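Below you'll find the structures, each written out as structure tokens.
The same subunit A turns up in both complexes below, where it pairs with subunit B and then with subunit C.
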Partner chain A sequence: MTEKHETVLRSASKEVVIGHGRRFCLIGERINPTGRRIFQEQLRNGDMSAIERDVRAQVEGGADVLDVNMGVPLTDEPDLLAKAIRMVQGLTDLPICIDSSVVEALEAGLQAYEGRALVNSVTAEDDRMELILPLVKKYDAAIIALPNDADEIPMEADRRLELVQHVVDVATGEYGIAKGDIVIDPLAMPIGADTTTALTAFETMRRIRDEHGLNMTCGASNVSFGMPDRHSLGAAFLPMAMQAGLTSAIMDVRTPQIVTAVKAADLLLGHDEWGGSWITAHRARQAAVAG
Partner chain B sequence: MTPEEILQGLYDETLVGNGPRVLELTHEALGLGMEPQSLLFDALIPSLEEVGARFERGDFFVPEMLIAGRAMAGSMEVLRPLLAETGVQTIGTFLMGTVKGDVHDIGKNLVNIMLEGAGFEVIDLGVQVAPEKFVEKIQEHQPDIVGFSAFLTTTMPMFKANMNALQKAGIRDDVIVMVGGAPVTQEYADAVGADGYAPDASATVKRAKELLEQKRALVSA
Partner chain C sequence: MTEKHETVLRSASKEVVIGHGRRFCLIGERINPTGRRIFQEQLRNGDMSAIERDVRAQVEGGADVLDVNMGVPLTDEPDLLAKAIRMVQGLTDLPICIDSSVVEALEAGLQAYEGRALVNSVTAEDDRMELILPLVKKYDAAIIALPNDADEIPMEADRRLELVQHVVDVATGEYGIAKGDIVIDPLAMPIGADTTTALTAFETMRRIRDEHGLNMTCGASNVSFGMPDRHSLGAAFLPMAMQAGLTSAIMDVRTPQIVTAVKAADLLLGHDEWGGSWITAHRARQAAVAG
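This part shows the complex of A and B:
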């Protein structure tokens, strides 16, 4: 059987390990201005107060890691991302997933961060890997890699696996990055645009787990884009993906329905010994109601 | 069926995305001698506009929009050659693509269908279109308008990269540039130096026609 790798993330004071056979890692998606016009406007005016609220809500919701994206058009993204990361680190001890497509912003974020970050993300394009992987190595971080290249997002698992192999070869061979520090995004596309996409994603997940033993994450909310009752779809998708080998997700952690579904799947998949976490969460809810 | 019933049927069946029925009705209408333009402007386009309006209101969802678009596209395949024959002029050529780094195409495809319905010849370059590719295709097809689509705040900066590539190739003034996509605003379109922006598919058609008229008025003046 293929060796299963572990991904270790750290803040200044806390460690989170992502791995097969472990409790699923919930990465909070909320600190991201995409599609949030008011938040964008605030950030453009230097008002970062919404971040405080987003951190609190996601910590309370059960996040293990927080994704931080500051992709606001017409701003100095590297500066903004560095500021946001320092701010989030002042508010919580959860490790951070540094999210940008701008290489300078990733570097500014890595510089500002205290600990071992997860970098979001690199594609299988050689020119992108050449820019981003040296930073991952230099700052001792882990990296999310997407199996798509300049031409396409492959719709067949076979082609995605080829690109995974390419990323792994380049990252380990040319940059000396450990396999455990490569987290693959198997690419979960909107189910509303094509009802076969989730099946492709599940097949990709199973094969990445069985053939590479790598950790995986994906943008889980993307799956329900453009559909009604997104929470129910998220709550069904994640347990199915976990069964297929997904070990973390960048997701909506503020919706109890979705988080509870993940926790239930953890128990059912043997990631929660004696149901300790499940029972503890139940007591906490009871106490909250009684209190 | 009377022509009125057929038009109503085309409208209703497009709205629910019943492709086979839309195709049947298209053939039936043509068999009765109805004008292709009438099918297009009195049934198909209004229906797709209603689909767009319902989507905007949150009453319609992505799959419904896609199947309605496909139903109309099926009918268009039959109508397109006839429209060309009957002298309906192509009002302009529109080169369309999602920018490099971005793979979103649902909105872009809907805009394409609406543009085509309105009489544009649409050349779709697909997704992840690099600046050099836009330049190459503009030189090849000489379109009236080029449209850059981006769905992510992280890929919107490619608009500027595309504009720079057009400048560098010396073709910036040969073509009208429109930009669009979920996170794009008029302010951003102005900042990158685009000629036009529209917030949704039907507004894109309107704006494209306006820009085309302005340019032609300028050229003939």
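This part shows the complex of A and C:
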């Protein structure tokens, strides 16, 4: 049995541990201007007030960690991301996932963050790892790694596992990053483009769990992209993915159907002793409806 | 790779095939007086009119097969079951699952049925197999087999697999029943009594699929017994069970949340080419709402 690794994230005052056999970790995806034109416009004008509402909604929805992305074209992304991270830290004690494709923005975010962040993300490309992994080590963070390289997003689990091995070898061997601080994105692609994509994702998850014991996260809404009734697809996908070894997801925690599905799967997988969380959450929902 | 077996059920005019890699088979559980006092009273008085409504609701809900149980105390169950089966055959062309713990009722049901029935059920007890398996062979039916014996419902997958092996040996070796006609119930017990029961069920399912290639069915609502929000638990349990190898379930097909979860899992498992069924079902729901 491969050793199962744990990923410890911290804010200034709160610790969250991601691990196999633990409650699933919900990473709120909402603080992200991608596809939100009004929010982009506000951010360009220096108006960050929407973040306050987004933080509140995600805390209420049950987020364990908040992803913060400030990828707005024609802005100073490093500066904006640092500001957003300072702001979010003032609004909640949840740990933060610092999300950018711009290395300077990741570093500015890490500098602004008090705690142990999750960095989103690095690919298996050597030049990207060379830029990002030293920052992960320097700031004592954890990193989300995607098993794709410059050439392709591989559609076979075998190739994804090869790239996982490469990332693990480089991150642990060259940069001294602990296995527990490597969180793999097994790559869930839209089912509408190819009805085998979820099967490939599940196989990749099982093998990453069984062969590496690493934690995993993925963009939970990718799989339903372009299909109708996306919430029902997400609510089926996540329990199946959790059974295959997924230990966290970057997801819309404001959707009760999907959050409830995750909590049900936690109960069924033995992560909720005596069903206490399930019963408590049900009572809270009833109280909210009643009053 | 173990050969995967198919179970062929037929009414007078319709065939349903249960199999790994195929759309999940929904067996409607509603024509059953257990826990329904008014229905029991009606049946005792010879009033079978409720069956008509139950058939209609289950056909509309998407049932592939209908389970028919007439276990009412202080009645002539063989006579009642034969009547109910004749009546259901007049109302729908769906194949029937003949459900009784009384051997004479099973035989009366098989005599009344025109087609290839599923018989529910036999345990791994030799005296029960000796009574029921000759009927299954004689009437060319398929059989649901439970891996428990007189002593116990085993709580370990190992013991369940031993009993599965025993049933398969007896059914194929002594009665010449084809493996495809043996449908195993992996035994899903209430999660509220013990939070490891679903894990045991999933392990049992995976091993029955991988080691025997047999079809499986289970009472999908058992797992949530005694817990709040049973529909959400069922909607998470079935996709997870399908991923573990469950190919059918005896379930309440009148609950859209659970049926939709099964259809979503069919799509994610590659059983719904191009997502055609998913998109069609979504349009039908929208039309019903607009309606």
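Operating definition for what follows: the second predicted complex is superposed on the first by the 291 of 291 C-alpha atoms of A that agree within 3 Å, B and C clash if a C-alpha of one lies under 4 Å from a C-alpha of the other, contacts with A are read in each partner's own complex, and residues count from 1 in each chain.
Everything that follows uses one rule, which is that contacts are C-beta pairs under 8 Å (C-beta built on N, C-alpha and C of every residue); 3 or more make two chains touch, one makes a residue touch a chain.
Everything numeric in this text was worked out from a predicted model, so none of it was measured.
Annotation for the three-chain superposition on subunit A: subunit B and subunit C fit side by side. By the touch criterion defined above, A:Gly71 lies against subunit B but remains apart from subunit C after alignment on the C-alpha atoms of chain A. Looking at the shared chain after the overlay, A:Pro33 reaches subunit B, while subunit C stays out of its contact range.
Put simply, more of the residues of subunit A are touched by C, taking subunit B and subunit C as the two choices. Annotation: apex subunit A, arms to subunit B and subunit C, angle 90° (C-alpha centres, rounded to a multiple of 10). Contact with subunit B, but none with subunit C, is seen for A:Ala150 once the two complexes are overlaid on the shared chain. Of the two partner chains placed by the overlay, only subunit C lies in contact with A:Leu199; subunit B stays clear of it.
Look at A:Ala112: by the touch rule set out above, it reaches neither subunit B nor subunit C.
Of the two partner chains placed by superposition, only subunit C is touched by A:Ala261; subunit B is not.
Looking at the shared chain after the overlay, A:Leu81 reaches neither subunit B nor subunit C. Once the two complexes are laid over each other on the shared chain, residue contacts for A:Pro228 go to subunit B and to subunit C alike. Minimum C-alpha separation, subunit B to subunit C, in the superposed model: 7 Å. Residue overlap on subunit A between its contacts with subunit B in one complex and with subunit C in the other: 192, 195, 227-228.
Within the complex formed with subunit A, the subunit B residues making contact are 61-63, 65-66, 100-101, 103, 106, 127-128, 130, 152-157, 182-183, 187-188, 191. Interface residues of subunit C facing subunit A in the complex, by the touch rule stated above, are 191-192, 195-196, 198-199, 202, 223, 227-229, 232-233, 235-237, 239-240, 242-244, 260-261, 264-265, 267-270, 272-275, 278-279, 282-283, 285. Residue ranges on subunit A touching subunit B, taken from their complex, read 33-35, 40, 69, 71-74, 100-102, 148, 150-153, 190, 192-193, 195, 225-228.
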